[in-house]
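This is the structure I want to talk about, given as C-alpha cells.
Order of writing sets the chain letters: A, B and C. Residues in each chain are counted from 1.
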C-alpha cells in the first residue's frame, strides 16, 4: 500500500506544510500526477504521485504541518484497503520525541539495530553527516542507556556524535555532551505538533552562560502593550534566523575590504552589451563580480571549501551562490561550476535563477550546496557592508554600490573613478587573514584588468 | 511359555484356611474388576497417557502383599495398580489418579505409572524400566542402617533383567547383604514378555532366577498363577529376609492375558492360542474352582463377591468421574521440599 | 574466627561438621574409604566413622546413586561422591528421572535429601572424557539444586547447607582448586543458596563467572585496573539453581556493561542465561551488548598449550571488557 509522505526537500527540512490538495479522495491517480501543493522553508512545489492507483485517504488537511516522512495520503492499488494507522511513524530529528511517550513505536524487546531498520521506511531521506550514526528517518544507533539518558535529560541525539562501532552513540558520548551542554533538545512542541505558533527563541543554557563568564541578556516576554504587534515568522524566516544565529555564534568570521576601480570593467561591460544586445543578453555588474570571484579562486583554492564534521573539504568546482532577497526572507540559488562558465552564461543563469527565486519556483538542488556566496546590495546605495557567512561555506563576498570618487592617476592628477567596495567575510577555521587578504587582492586585480576574465 | 504348573522348590501348594482363601479370592476379583474398569475408562478417553494392567498376574502381588507387615516397603515399576489396591489404598483415589483428578492419590500429578501411598508403604510407581531397582536396594539398606526389622518387596519384570541398573543394584544388594544390610526381596514378575519381546529373544540365559547367583543372592521359582503357592513362598521368604537381612530373589512365572498397555492392539508378538492356553490357568479362575471344590465358598458367595467388587469399583469410577481436575496452582507445588516450594517463573 | 585452609580441607570440614551432628549422614563413593579418596578429601574418615557411614562402592554409578536416592527417601542423608562429575552421565538417569522428580510425581509424599558431590571442570590435562563443566546440564532440571562454590569458605558453608537441604543437591566442586587457600570461618558457617557473591566491587564493568573462572576474572580485573584504569566488578555466581538474578541486575544497573565468562561451551550454557536475564531486566542500563567468553567449541584436548587455548584466558576476558567499554583491545 503506497503511502504518500512528506518528502524531504532540503537537508535542513524537518517539516512541510500541505497547502492545497490538487486531487480529491477517490480520484484515480497516475504516476507523475500532481496531487498536492507543498510549502517548504524555501519553496512551494507540487508533490507528484509516485504510484498509480486511487487516492484512497487524505490524511493531512490543507494547512497542516507534516513532519518529513509523515504520511499525508494513501494510494490504494487494485482491491487494496487502507490499513489502520497504528503508532505513527513520527520521524524527524527529535530522537526523544520518538522515544518518549510513544508506545506505538518500537518494540522495546528488540535490539536497537533491528528497531531502526524496521522503522526506517518512507521516502528519500538525506543522510545526516555520518558521524552521528543516523540511519534514515533521523534514527540513531544508540545504546539503551543512551536512549534513557536522552529521555531523562531531554537531549537531542542528533546533536551528539557517536564514538561506538558504526557510529553508535554510547554512554561516554552522552556524558561528554551533557558536560558541554550542547545537546539539549529544541524547545518543545512547536515543530512536531502541527501548530504554527511562535516558538520562543532559544535562551542561552546555564552551561553556556557560565562559560561566557557573565549572563547574556535573556529575551523578554512580549509586552503586549498597545501599539505593538507580534509578527509570526514564516518557516523561511525561522530557518534563516536559526542559520544566521548559528553562523554568528559558531563560525569565527574575519573581514577584509578592497576598493575596486571599476572603470575598465564598466567600459568592457558597455562594449560587450552592445554586441550581446541582439541575443537579448545584458551583463550586469554583478555578473562581472561573480565571474571575477570565481576566477580568483583558482589561485586561492582554500577559500572554495566547506567545513565538515571531519574538517575542511576543498572543492575544485566553484559553485557560486548568489543572494536573492525575497519578501519573506532570502534565498541563495547556486550557479554550478561558475569558474568554467562565460559571462553570458552566468548572466543568463543568474537572471533565470533570480526570477524563479522570487516566484518561489526553485528546485532544492538549485539552492542547495554552493561553496561561496556573493551578496550584492549595490543597488541600494550601500557604500559598504559585511555579510554573514552561509555555513558550511568558507566565505561570502559583500558587493557594495559603485560610487564616483576622485582618485589619483599615475601622474598624481586627480581623476574621477567608479569605485566599488568588496568586503570578504571568511571562516577563520578554513582560511587565515593573509589568505583572505590575498584573495581579495586577486579579485581586485581581475576586476581592474577585466581581460583576465577571459582566461 | 509352557502352561504347566511350576511349583516352588518346597514342592506343592500349602494348605490354607478357607477364610483366607476366600479373602484372597475377593482381593483378586477386586483387582481384576478395577483393571477391567481401567481398560474401559481408557477406551472412553477418560484415562490418558499410558495404562498397564495386571490382568492375569493377580496372584503374584496378592500372594506377596498378604505377607506385608507395617513398616515394610513395596516398590514396583509401572504396572502398579494392583499393588496400590492390595496395600489398602481406596480404589476411589486410585481411579481418580488415573482420571487425572485432584482427588487422585498423588493429586493427579503422577498418573498410572507413579502411584505412591507412603503411609501404606507403596513407594511408587516408576516409568523407566529397571530405574527403580537401585532405589529398592537403597530402601533395604536404610532399613538396617536405621536398625529396624522391616523389609523391602522389590517387584521387577523380566524386561528389566537385561538393564544395567538391575545388575548394578543386584550386585550392591548381594554385597551389602553379606553384612546383613540388605533385607530386600526381589520378586521377578516374569510374564514372559518385555512388552513385545519374549524372554527367549532378550536374554541368552533364560533362567531369570539363576541370574541372581552371579550376585550371591539366593533364589527360587514359584508358579505365579497359583496363589497358594505364592502365599507359601511369601510367608517363608519374607520371614527369612527379615531375619537375616540378606536379599532373596523369587521368579514368579506368570502371564498377562491383557495386552502390554493400552496401545498394544495387535499383539503381533504372540499367538492367540497361547493366550487361550494361559487363560485356562487364570489365577482367579483356578482359585474359584478350588473354592467351590473344597466348599470354601458356594456359587452364591462367589456371585456376592463378584457383585460387591463390581459395586466397589463402580463407585470408584463414579468418584473419579465426578471429581474436579487439580487446581492450576498445583502445577507449581512439590517441586522442592521446604520453604522454596517452587522456583521459577510462570 | 577464621583460619586459612585449603579448599579440600574446608570441604571435608563441612561434611564432618554435619556427620557429627546427624547420624543419618553417610558418605558413599568409589575408593573414598580405605583408599582415602582420589583427592584425599575423605582420607581417614573411615577410621573415624566406620564402613557403614563411609561406604566404598563398586564402580556402579547408576546403581549406587539410585540406592542413595532410596536411602534418602527413607530419611537418611547420603552424600554420594562422583569420583569426577564426568562419570555422572552413567548416573544421570537416576539423577534426572528419579532424584529430581520423585517429590513431584508422588504428589509431595516423598523428599530426597541427597547430596551428590565431586570435582567438576577441567584445566589439569585430563583430556576429553574427563573434562566437563556441568552447571548448565544439571541446572536445567526443576527439582534439583545446583551449586558451584569457588572459595574454601563457600565450599564448606555450602556443603553444610547442602546436607541440611531436604532436596537433591548437585554439588560441583572446582576440581582444579582443591589446593587453593582461603579464610574459612570456624564452626557452622552455612552459606545460603540463591545468593551470588560480589568478589570485587567496581563501577565500570561487571565480570560474571562461576567455578575457577571467578579467579580468572579477578586477575583480569587487576589487569584492567593497571592497564586501562578500568574498575571492574566481579560476581561469583556460586549458586546456579536457585539463581541470584537480583545481584546481577543491580550490578549491571550500576556499571552498564557485562562480561560473562565460563569454561564450558558457548551453546546453551549458563552465560546464555546470564545474558538473557540482563537484557530482560537491565536493558535500559546497557551501554553495550552482554559479552560472553566461553570455552572453545571442541572436546577438551590433552596437550598443555592446547588446553590453555581451549579455555578462557585473561586476554579474552580483558578484551571482552574492553569491547564493552569501546576502548581498544590489546
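In this text, contacts are C-beta pairs under 8 Å (C-beta built on N, C-alpha and C of every residue); 3 or more make two chains touch, one makes a residue touch a chain.
Since we're looking at a predicted model, the values are computed, not measured.
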Note to self: Using only alpha carbons, which chain's centroid is the nearest to the whole structure's centroid?
What the structure shows: C
Next item on the list: Name the chain whose C-alpha centroid is most distant from the C-alpha centroid of subunit B.
Entry: A
Next item on the list: Return the distance between the CA-based centres of subunit A and subunit C, expressed in whole Å.
Entry: 64
Margin query: Between subunit A and subunit B, what distance separates the C-alpha centroids? Give it in angstrom.
Written below: 91
Checklist line | Mean-CA-position distance for subunit C and subunit B (Å) | finding: 41
Margin query: Can you list every residue of subunit A that touches 2 or more other chains, as numbers and ranges?
Written below: none
Notebook entry, point to check: Which of the residues in subunit C end up touching subunit B in this complex?
Noted result: 24, 26, 52, 57-58, 60, 62-76, 93-94, 97-98, 102-111, 113, 142-143, 145, 165-167, 194, 241-242
Next item on the list: Show which residues of subunit B lie in contact with subunit C when the two form their complex.
Entry: 73, 104-111, 114, 116-118, 123-128, 131-143, 145-146, 164-165, 167-169, 171-172, 175, 181, 333-338, 340, 343-344
Checklist line | Of subunit C, residues touching subunit A in the complex | finding: 256, 283-289, 326
Next item on the list: Would you tell me which residues of subunit A are touching subunit C in their complex?
Entry: 108-109, 111, 143-148, 163-165, 170-172
